[in-house]
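Look at the two complexes coming up: chain A is in both, with chain B in one and chain C in the other.
After this line comes the complex of A and B, so read on.
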């Protein structure tokens, strides 16, 4: 269930990138859920052509996925296939993160890789031929692009799971029967926990995904196939046969280059950002040594991760960890004792589980601590230090506590505690229950609790609200100074130059804040 | 902080007027460490005394050091009267950490600071270790009980200046039984007692008290927001 500001923020992103018309269709799907084209037309009151074009743009840009369901029509003809469209909310959020994705790539790959993915992010999805045409059109002298090297680049990215084949255009979604429900959910990789119902979005995405081997494959091996066919042939002269086979395979290869569509694999980038987030958190809590050890463990085990929200890494022995640590420049100077000591420190904070001489990262714990700190920081800055202690007490205890007990434990004045608790409750940070005790006199007690599940949703909505506000303020500021920004540099003198300097600083601050806030959204929504 | 010992309950009283005797008896006969609210006391008097007589008598008894006034921390307007020989119950006075109806914030700050100092000195400390260390330091004229130390240490954990860990019996936990609760200084995170500013808290909206009233085109909006204007005032 999307929150109000989650929806508003997503619509705003689509408006900025694709205009009002596409945003209207997107908002309709966000608010109403999956719809047929007819129903989108009905709710948006747009023409058929407009709805079609908007959907095409959203599908091209991976923000909407079409799917079919079987509708039994009650007549002898049998069930009818019915195409609906579901919005991919996560992919809309990813649109503001493209710069972060490209930064990751630039740290691991060369410029050609970065440019290829840049093209995929810009255009949504491309065939190899389209990638080649795009690269050719921006070719610089002395830096010619050839298809083979581009294909190699694509293979590198697909192997690293940063690029994938596009999913099926209209997968069939089978209805889940009541008996099948929990059993099916158990095996699903997109369900957060066993038993937690999958959303339609998750079901459709899963149904559309190609098989793993297909998803991360690129057709490359033209020459060796030619060799195989040659061996088997007897009757035709070698030259003619070879020419015939190459032509045949060339046609297949060319067909693939023009038909197989690829896109950026957001999951791959989010997984990498999650790792990076964990490393940064460990560095902030402990030191560089511990961060190097964690980084090495991630390096050694990340290929075994099946999904983004993996709970634990594959266990590693101390010697395997050490071997990985000393591979990196940062870890080269670490001794085995130093690595062991860092693992002990990580274990104390429960960031790493140690059992039977093997070590495994507890991602959930690292992320849980990071999330707690984020919320506690808001409570401290918004409501003060007393509220901070009260919130931490309730958050750690996880159960209902009575007002007096809270004030005693947190050393907050008896007269102040109820006011703080009430304020936190009114703003959605606490739950409150009344307990009436009847005895000689009737007494009423107020009990308070932090409910993480409800609160986290509320906090995320506030973050979406803040993200929307930042974006609106950027637009407002730039719009106000539109004429000034269009003025040539030599005409900006005196007060105009001061205003220009101001707007530059404002833009840098607001845009960097948007990126920083997005880190918090990643922490609560994607990690 | 006052830590007077409880005297016996047969303290001799000076010569009292009849009114004073009446009032003194009512005060003394009530739950000794709870005292009695002035208004309740007036109700319990067998004779109906005018207010000015009651007030004068109370003042006289106080001057003769026979009774004292204790502020009820649940309601500072309600003054309780009790015989001087009794310590007010925690329900009325708030306990060791309250002084005259309010939290003794200075004292609490000092004890917190001492606990933190000892934990930093010991690197890893149990409650007993902290308690012994404070006793040996002679920082306080009176001995703090183990319960008092525990209350303060828990509050310092809530301040995120120290963390609670369990001993694993080895390394820095050698000499501490496995599983025993210990306390360590938080190395970085809560530096100086201030929580690290999170991503959300570093933008005006993240800490805005008006966030629930803010809408894109409302009276309170990102375009009209005074907090933004101040933040962007270069």
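After this line comes the complex of A and C, so read on.
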């Protein structure tokens, strides 16, 4: 479910990156859900050409995915397939974090890798040939680019799952029939914790994904093409004869380099950021030793993770953990006892599940605790220490508590407690229920509760609101000083230089704040 | 009176008809609020630099679609002599077709069939158009000036070695990238921490 400020934030990001025209189309799709091209034109009142170009840009930049559904046509002409477009909200949010993705890469790979992915982030999608042309255009003397080394770089990135093949252009989405509806809901209770049915966006993304093996494959040389070609031809309508001549493969290989399109795999980067977030959290709570152990466990098991929001890591034995720890620079000097002690510490905080000599990281727990701390910190800063204690009590108990009981347990004055509770309730942090007891005399009790699901959505919306405010302020400040910024450096004298220094500091401060806030948004939305 | 613009609900609106029940407040775009201490914010210059480069690329790329004036409406007005000297409205951006792989593997069929693909790979402009970036020449002057400033400041600075190394590395990285002439840097990032210190009056807090 998209919240109001989530939508506004996303629209502002697109406006900054691609202009008002594209943003108009994007906003239309965000507010109205998946639409056909004609409907987009109708609602935005733009010309055919403008809608088409905007959609092309959004698809190219992976912000929109097209799909088709079969609609039974009333005129007995048979079912008609029509193309609809759905906005990929998560991918729009990722756009403000591209700098973080590139930072990860620069820590793990070389400069050529970073530049290749930078090109993919700038353009959204590129073929190998385009990547080569781009690299050649900014070639420096003494550092010539050749196709083979670039291909190797691409293979490295694809193997690490940081780059993937682009999804299908318009997959067919099967509508969920009415009989399946209730059955799905029953099944979903056991399958998912929250029990929400998949949104259309999620269904479309899943339908568009290429098969796992093909998603992370690169057409390299003739011999290894055999495997890929067979999978490629699965996309061809069944029943067609397939010829696998070596000569044909060779031609197809070259043609593929010009036609197979790749893009950055955001999931891979988010997974990496999630790991880093967990390690930082553990380091803050325990110590460097525990952080090293966790980091080693992640190193060993990350390739086995199927999706970003994995609950637990693959179990590892103590000896394999120790082997991994001493491989890393930070953990080289750790003894087995030290590792065991850290695992015990992690287990006490439920960050790691220990069972029959194997240890597995409980991501959900680490993230849950980090989220709690974030919300409690907001409450404490905004409403004070008493409110913080009250909120923590309600959050931990997870059920309705009565006003007097709250003030007794938290040692808050009886006359202050209702005021604080009322303030928290008004701002959407608590739920309230009235209980009227008719006995000897009628008395009314007020009961309070923290509902985590609702509250988390509210907190996330507030974060989007804050992010939007920050972006608006940055745009406003830069716009105000536009002429000053366009002045050449030697013309900036006296008061102009002061103003320039001011705008520079303002920009650095505001943008750093945006990056920090984005860490919190990641914690609540993507981790 | 209705206030439009970037208010997004903030600020006061005049009461309907001005009956006197609603207090009319002046419209403030960014009302004063209590802000947190700015020193607690970790400054992420690397991230800002990357972000800035990407943003500058997109703003000058063909992907930034401008709402251009329709050609039909121009022909309604009589062409005047004074119009000859006016700058032409046409954009200097490249066409998006030079980058898009317009085949049905990549885009939906209904969008592909109307577009022409640009076939000539030599015409593709990978680096942002010079005209749009405006600051090209001045950028180079800025970088020169920045280089000089850096040298002066380093002489005055009481070195904290790690910081200096960091600064030098960052400075070098910047010089390297600026030699490409690829990216438009509106703000010069002379990664010289002294700017902060000098303005803040020598705090006791640790510098980065």
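To be clear about the criterion, the second predicted complex is superposed on the first by the 479 of 527 C-alpha atoms of A that agree within 3 Å, B and C clash if a C-alpha of one lies under 4 Å from a C-alpha of the other, contacts with A are read in each partner's own complex, and residues count from 1 in each chain.
Keep in mind that, in the parts below, contacts are C-beta pairs under 8 Å (C-beta built on N, C-alpha and C of every residue); 3 or more make two chains touch, one makes a residue touch a chain.
Nothing here was measured: the structure is a model prediction, and the numbers come from that model.
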Given the touch rule stated above, what does A:509 touch, chain B (first), chain C (second), both, or neither? both
Which holds for A:473: it touches chain B only (first), chain C only (second), both, or neither? both
Please work out whether A:378 is in contact with chain B alone, chain C alone, both, or neither, and reply first, second, both or neither. first
Which partner chains sit in contact with A:99 here, chain B, chain C, both or neither? Use first/second/both/neither. second
Given the touch rule stated above, what does A:147 touch, chain B (first), chain C (second), both, or neither? neither
Could you figure out whether chain B or chain C reaches more residues of chain A? C
Which residues form the common part of the chain A surface touched by chain B and by chain C? 8, 381, 472-473, 476, 501, 505, 509, 513, 516
Per the touch rule above, chain C residues touching chain A in the complex are 6, 8, 29-30, 36, 38, 41-51, 54-55, 57-59, 61, 63-67, 70, 96, 99-101, 103-111, 114-115, 121, 124, 126-127, 134-135, 138, 141-142, 145-146, 180, 182, 186-188, 195-196, 199
Across the complex, what residues on chain B touch chain A? 73-74, 76, 94-95, 97, 102-103, 108, 151, 154-155, 158-160, 165, 171, 187-189, 194-203, 205-209, 211-212, 214, 216, 221-223, 225, 228, 231-232, 234
What part of chain A is in contact with chain B in the complex they form? 8, 284-287, 344, 348, 373-378, 380-382, 385, 388-389, 392-393, 408-415, 427, 459, 462-463, 465-466, 468-470, 472-473, 476-477, 501-502, 505-506, 509-510, 513, 516-517, 519-520, 523
Chain A residues touching chain C in their complex are 8, 16-22, 37, 47, 50, 52-57, 59-61, 66, 83, 96, 98-100, 102-103, 118, 121-125, 127, 129-130, 133-134, 137-138, 140, 166, 169-170, 259, 261, 381, 472-473, 476, 478, 485-490, 501, 503-505, 507-509, 511-513, 515-516
